Amino acid sequence: MEYFVILISAIFVNNIVLAKFLGICPFMGVSSRLETSVGMTGAVAFVMVLATIVTYLLQYYVLNPLGLGFMQTITFILVIAALVQMVEIVLKKVSPELYQALGIFLPLITTNCAVLGVAILTIQGKYNLPEAVVFSFSTALGFGLALVLLSSIREALDMVEVPNGMKGIPIAFVVAGILAMAFLGFAGLV
Amino acid sequence: MAKKESTLLSMFLALFLVTLISAIILGFVYEFTKDAIAASRAAKQTEALKKVLPPFNNNPVQEMYKKAVDGDTLYFFPAREDSVLVGIAVNTFSPKGFSGMIRIMVGFLPDGTIKDVAVLEHKETPGLGEKMVRSKSNWSVQFQGKNPKTYRLAVKKDGGDVDAITASTISSRAFCDALERAYKNLTEGGAK
Amino acid sequence: MSNTVLYTVISLSALGAISAVILYFIAQKFKVTEDPRIDEVEDVLPHANCGGCGYPGCRQFAEACVKADSLEGLFCPVGGNEVMAQVAEILHLETVEEEPRVAVIRCQGSFEHRPRTSHYEGVSTCAVEHALYTGDTDCPWGCLGLGDCVEACNFEALYMDEKTGLPVVIDENCTACGACVEACPRDIIELRKRNKKDRKIFVSCINEDKGGVARKYCSVACIGCSKCFQVCPFDAITMRNNLAFIDSDACRLCRKCVPVCPTHSILEINFPAPKVKKELVTTAAANSSGKAGGQTDAAAGKNASSGDSTEPQNKND
Amino acid sequence: MTVQKNQLKTFPKGGVHPAENKLSAGSPIKILPLPDRVIIPVVQHLGAPAEPVVQKGDTVVAGQLLAKSKGFVSANIHSSVSGKIFRIEARFDASGYKRLSFVINRHEDEWDPAIDRSDTLHEKITVSREEIIRKIQEAGIVGMGGATFPTHIKLNVPKGKKADILIINGVECEPFLTADHRLMLEKSKELMVGIHLLMKALEVDKAVIGIEQNKPDAIALLNGLAEKSPGITVQALKVKYPQGGEKQLIKAITGREVPSGALPVDVGAVVHNVGTTLAAYEAVQKNKPLMERIVTVTGKSLQDPSNFLVRIGTPVAEVIEAAGGLPDDTGKVVLGGPMMGKAVSKLDIPVTKGTSGILIIPDSEAHRMPVQPCIRCAKCVSVCPMGLEPYLLMLLGQHQLWDKARQERALDCIECGSCSFVCPADRPLLDYIRLDKMRIGALIRKEKKAVS
Amino acid sequence: MNKLLTVSLSPHVHGKDSTSRLMTGVVIALLPAWAVSVYFFGWAALYLPVLSVVFCMIFEFLIQKYMLKKASSLKDGSAVVTGLLLAFTLPSNLPIWILAIGALIAIGVGKMSFGGLGTNPFNPALVGRVFLFISFPVQLTSWPVPKGFHTSLTDAVTGATPLGMLKEGMRSGEQVSTLLKNVPDHMQMFLGYMGGSMGEVAAAALLLGFLYLLWKKIITWHIPVTILTTVFLFSGLLWLINPANNADPVFHLLTGGVMLGSIFMATDYVTSPMTPKGMIIYAIGIGLLTVIIRRWGAYPEGVQFAILIMNAFVPLINMYVKPKRFGEVKKNG
Amino acid sequence: MNQWKNFNKGLIAENAIFVQVLGMCPTLGTTTSAYNGLGMGLATTFVLVMSNIVVSLVRNYIPDKVRIPSFIVIIASFVTVVELTMQAYLPSLFEELGLFIPLIVVNCLVLGRAEAFASKNTVWSSTLDGLGMGLGFTLALFMLGSVREILGSGAWLGMKFIRGDGMLIFVLAPGAFLALAYLIAIMNKFNRKNA
């Protein structure tokens, strides 16, 4: 498969949040401010690519030879959890501001289904390793795109009077819904 | 809450033990369900075979043979009743679906007439292309009893005889494409 | 036991063990030496992030407390002494007790007492109106009534009284964070000592104009006649720039000054009304004429009372 | 030199064109009958109040110094009438607050003998540069274009900077106002001398009089005179508000852009209003301090819109009386033009050095429309001559995000009001921008204090 | 004088513009296109837009009154514009109940959920239209063929829009150049003689409306002109590279919703950027996306998606594309 | 009383979806019909309860630094159990729920509860908490699934009540977001009134 096709598909057509419903919690959680959403995108991209590489190797060099396909979930998530924890520890040291900003969402990257989802999808999609890297990276970009758009819109909405009942999460979901609708326009591109 | 100190040993032990216990449990659960899973997988295939073929009493899976076409593989399942060939089911595919690959099991009678079709795998849009699945709509019934020799396997828009699923010409086209591929390869020397 | 189970056990527990070891070493290598007490202190703070302490938010205040050698000058007005005691305990420092305070509005110029002389139109903020001119009335000191203070309050301790056009403090909500004091362009709001049962006596006016001038535009202005000053047995009252000021630390709530004020400028709040019967008539009158003005302790229902029956004397110059 | 359409200059970005309504353009300057009592505040300029040098009960003559400038940015105050000082007390003035003022009961009209009251034109400039500035300072001249910034400070170009062009602001872009227009027509010769004086004071050899195209008579007249005066030219300008704004005028005439936070001299230009220029002439050549000025009294419902020569300190009510009296349906009285003028709450306040006009607005037009939601039409953005985003500054003001407003350069706003004027949703944009500016000012003061 | 003087900050005069005047201007600018539509599609094209407007106003009124409990803002006329534009993007043979759902979504989801006029990040009419497009793909893609004024709802013949024919043909592997022989010629398309939604067919009438909007200074040229230019250049480039597989640029300009979208929908104040520079970026985005979706996407037409997608970018554009400040000091370092 | 609260709060007051907005992915991804919602909800509930129990049992023996990995492994084990069992005995449902079954592991709700509650409370409280939260989650999923099925397919629990199709968008991603948005808004209103 061409890398370009993977890229377009993962960012626009099969956007991880808007079409595949993965990673919604951080999508909603950190999208109230643009700044944090950019940081989150970086963190997710980093973890996602790293996790994909490790799980890829694990799948093809440990699980498959041993016939342990059913262990996919548990091994993958263990690897991801450990990875995220490492990132967290390192980040706290290297960039305390970013650590403060991402707050509780760093540990939540562990439970960001997008990371595990991508790891599993990579295997299901039968990508080879370079493709898997491109795929996971562009998925993260897609996540970032959706996140940045949503957060910029939410910041703009902070300035206007959103009806009480709709404030916060509901209106964010409405925006996400309309975004998802608009992104359907990319259908068929690949 | 008394927090456990994070020392190398305690960390190592805790995680090691947790994984060890999990592994043991999982291993056994896997052993226990392995056969059931295999059975249900096999059941799905024979289910599909039974659906698209006239009654048979051999095991078509055992007699299965493959043919590599268009970058993928077709699987042929000859069905016999008392060693008489009563039909051949083809596990066929089309990559032209609205959202990618579609796999269909299609059963042909020995004269090439389609007995029935069953969708094995697809990613089409719920409510649109998904209607090719029998449980969702009766659309695919139209193929029953049609012989591709006379019946043009193409949607009406393209000059064929097939009524497309409304608003899902693409899926319908892919469906026809899959059937056409099965038929062509079957007649081109697949048939015995 | 089948191979699968064996492989499962080996691979998974190996993975677990490896993860544990790697994590351990990373944790060692990148150990962060953040003072854990910051978190602890932050935990006991009220998380109002109101800035009343002088820091942008609770966390910054917590950091400041941890860094400081003594808690002097560090006070969270929202949490009050209770919270500061907790903070002190965490940090093993002495608390510095602060007198509990509460906001009071030093203006009684309700619609009735201050005739309107023009009509302001534009954004409803005191700051803007203040910059433009004296306001709807000719009093350049008094409340503009557009509620910047109410807006500034994070604790719903202020509201605008529709009838008088003046803000009212709800004593029990007030944390004395000082946001309203900061917000008022006319410096009308003061933080005063709370006293027992929130009792207070103060001059509800900040007008420094000469008596004759002040009288022209407001009937309840302090005219600087010094009567209260003379009558005060504890020297709690000072006169400056035609204005009386009662020092809340020196005032012993004797209430001698209240009745002598010819313009009812001195308010007593949360005192029981001793001579209820006798005063019934005047109380009603006083109340409706906004005597209790901006000062009614609405929630408590204990209205400012009315201890004063002297009729305003017309003392024109 | 004739004016050709394609020679019209203007500033490139933004601006509006409100209905001009120059009702009093054809009415020659009349001398207002002397008031019986004048009120002369000690601050009529930008800067520190002047310090009284006379006392209650003193008798003064017109042109006598009442208060001496105190501090660097300040200006002298002179009596505009002869009479007795009745009181020195706080009186309401145009600021909306009470300010220390001299209340003088007029008696006759006796002038300081040093003042040359004749009509003769003194064209010959005999004094030195320093002398010009000194005389202007003594005369208490302040910018009469509205900002009332003491003129002598502007003439004293700071060391290291060099002005190369004097721009005379005859734009009068505000609707209704015609004081400068009439002045240019009736005092053109004096004006030319004044320009030479200012040129000499600034040591520049080039002066440009900027006049908007809707005053063709003034353009023609001054053009004729300018042809005979080396160094002076007249520049016709397209009619566009706020062309008279200093930065806009400099941009229109010279193409130079005064950087944010900088002064006009930083780009070598100094701008003076025609009224200021005339006052400079009178001060230097005739020894006359700034004690009277031309005031336009106008309004659609006013009987007799006119231009008056008014003594400083005359109560506004009397000026209105002379133009036919206050109409019954008056809803608002504005000192200055409708775009930048200040609404006042009472009419017994005095005319001061900066009062260019008195505008009477009928009640039917005096009120604002209900505020509607911003439809983000971007009209405010497109008319802002300073390239700001008024809608955003207002939102930031409403949400009290002063830091952000500062980043968005709220302080650059010249308060021209174009944004509020144009907003289809009737939003009080400028009100909030002023709030932004006030709060940012407070922030800056706080910062400065923290630093020191 | 016994009346109190009013005191307020300057300015003390106000221009003539008001929200409702602007909205009325848009409605007037839409009239020519409406007239052409009635001429080609018959009575349905007359009453469906009216109904759409009525639905929009009713929903806005009800939501405001009973859910938001705010004063009604019907007077500002924005619901009228939304209603009209919604109808204009729909086929004239649409069942009325679908129209009603569209109006509910446009007003309820697209506009009032965010707080009403001026708050919505997405174009309400397009939210309504795309919602319908995805919900009712069958009804939304059967286009009546223009027959003339006598056509009624019942005897309308459906066919494909020129873009639809193109996409369909390309799917079945035909050459674009041969396909183009079957579509109306450019002049016919310019005048509106083709299948399509009610308001989009007549480029000529829409351009007339554009001129009116420009004349009345309701919109500026930036967005429409940039979109049209981008579409023209990009599709022209593709066409030059491979004329056999791409339609000519004029075809792209005249068909589908490009005209309606660029003149009336992309220019919606609320959902477009605030500065000329920003508008141009936004418009280039719309132009590119439109052609990309038309050429490579699943749908024959891409304008509606392109505008919605770019709507989402508007806050970012507003944040980072600032007007040229007067006297900007260049910071070095 | 107190224990009842542990159970009760998860249903409405602290409902994972409507109030805490956790576990959104399966919520949106699997609720194309009421039946799927129910299935997913119950599967999650099972994992939630079991992992809560085990976590609260071992909570005192796990060092801080490996807390999350350990909890995750525990959760993952139960998920794999569900996965295998479902594959074996409910293959059709398994197919419908697809990727989302393994993703129960990362459902923020499950780990969130383990972290926030089970790691600090007794076994019995944790069980009730898990059960309450799980049932609340199931309830929400069921509601969302119902709404989407009714609007999107004109059917409920597979029973069709209109001819033809519903509003297709509700079967697709945008409709899921929109339906959830308004459900949360309504629940907010409801909760506020009750509070």
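We just call them A, B, C, D, E and F in the order they show up, numbering each chain from 1.
What we mean here is this: a contact is a pair of C-beta atoms (placed from the backbone, for glycine too) under 8 Å apart; a residue touches a chain by one contact, two chains touch by 3 or more.
As the structure is a prediction and not an experimental result, all values here were calculated from the model.
Shared contact partners of chain B and chain C are A, E, F.
At the far end from chain F, in terms of centres built from Cα atoms, lies D.
Chain pair with the larger contact count among A-B and B-F is B-F, by C-beta pairs in contact.
Of all chains, the one whose mean C-alpha position sits at the greatest distance from that of chain C is B.
Separating the CA-averaged centres of chain B and chain D is a span of 86 Å. Here the CA centre of chain D is 71 Å from the CA centre of chain F.
Each chain gets one centre point, the mean of its Cα atoms, and the points for chain A and chain D are 61 Å apart. Once the centre of each chain is set as its mean CA position, chain A and chain E turn out to be 33 Å apart.
Looking at chain B, residues 6, 11, 14-15, 18-19, 22, 26, 30, 98, 128 sit in touch with two or more other chains. Chain C has residues 4, 8, 11-12, 15-16, 19-20, 23-24, 27, 117-118, 121-122, 128, 132-133 in contact with two or more other chains.
For chain F, the set of residues touching two or more other chains reads 65-66, 69, 73, 76-77, 80, 84, 166, 168-169, 172, 174-175, 178, 181.
Across the interface of their complex, chain D is touched by residues 117-118, 121-123, 125, 127-128, 131-134, 138, 140, 213 of chain C. Looking at the complex, you find that chain E touches chain B at residues 137-138, 141, 168, 171-172, 298. If you check the complex, the residues on chain E that touch chain F are 101, 109, 113, 131, 134-137. The touching residues of chain A, counted against chain F in their complex, run 18-25, 27-29, 70-74, 77-78, 81-82, 84-85, 107-108, 110-113, 115-117, 120-121, 124, 165-166, 169-174, 176-178, 180-181, 184.
Interface residues of chain D facing chain C in the complex, by the touch rule stated above, are 90, 92, 95-98, 342, 344-346, 367-368, 428, 431-432, 434-435, 438-439.
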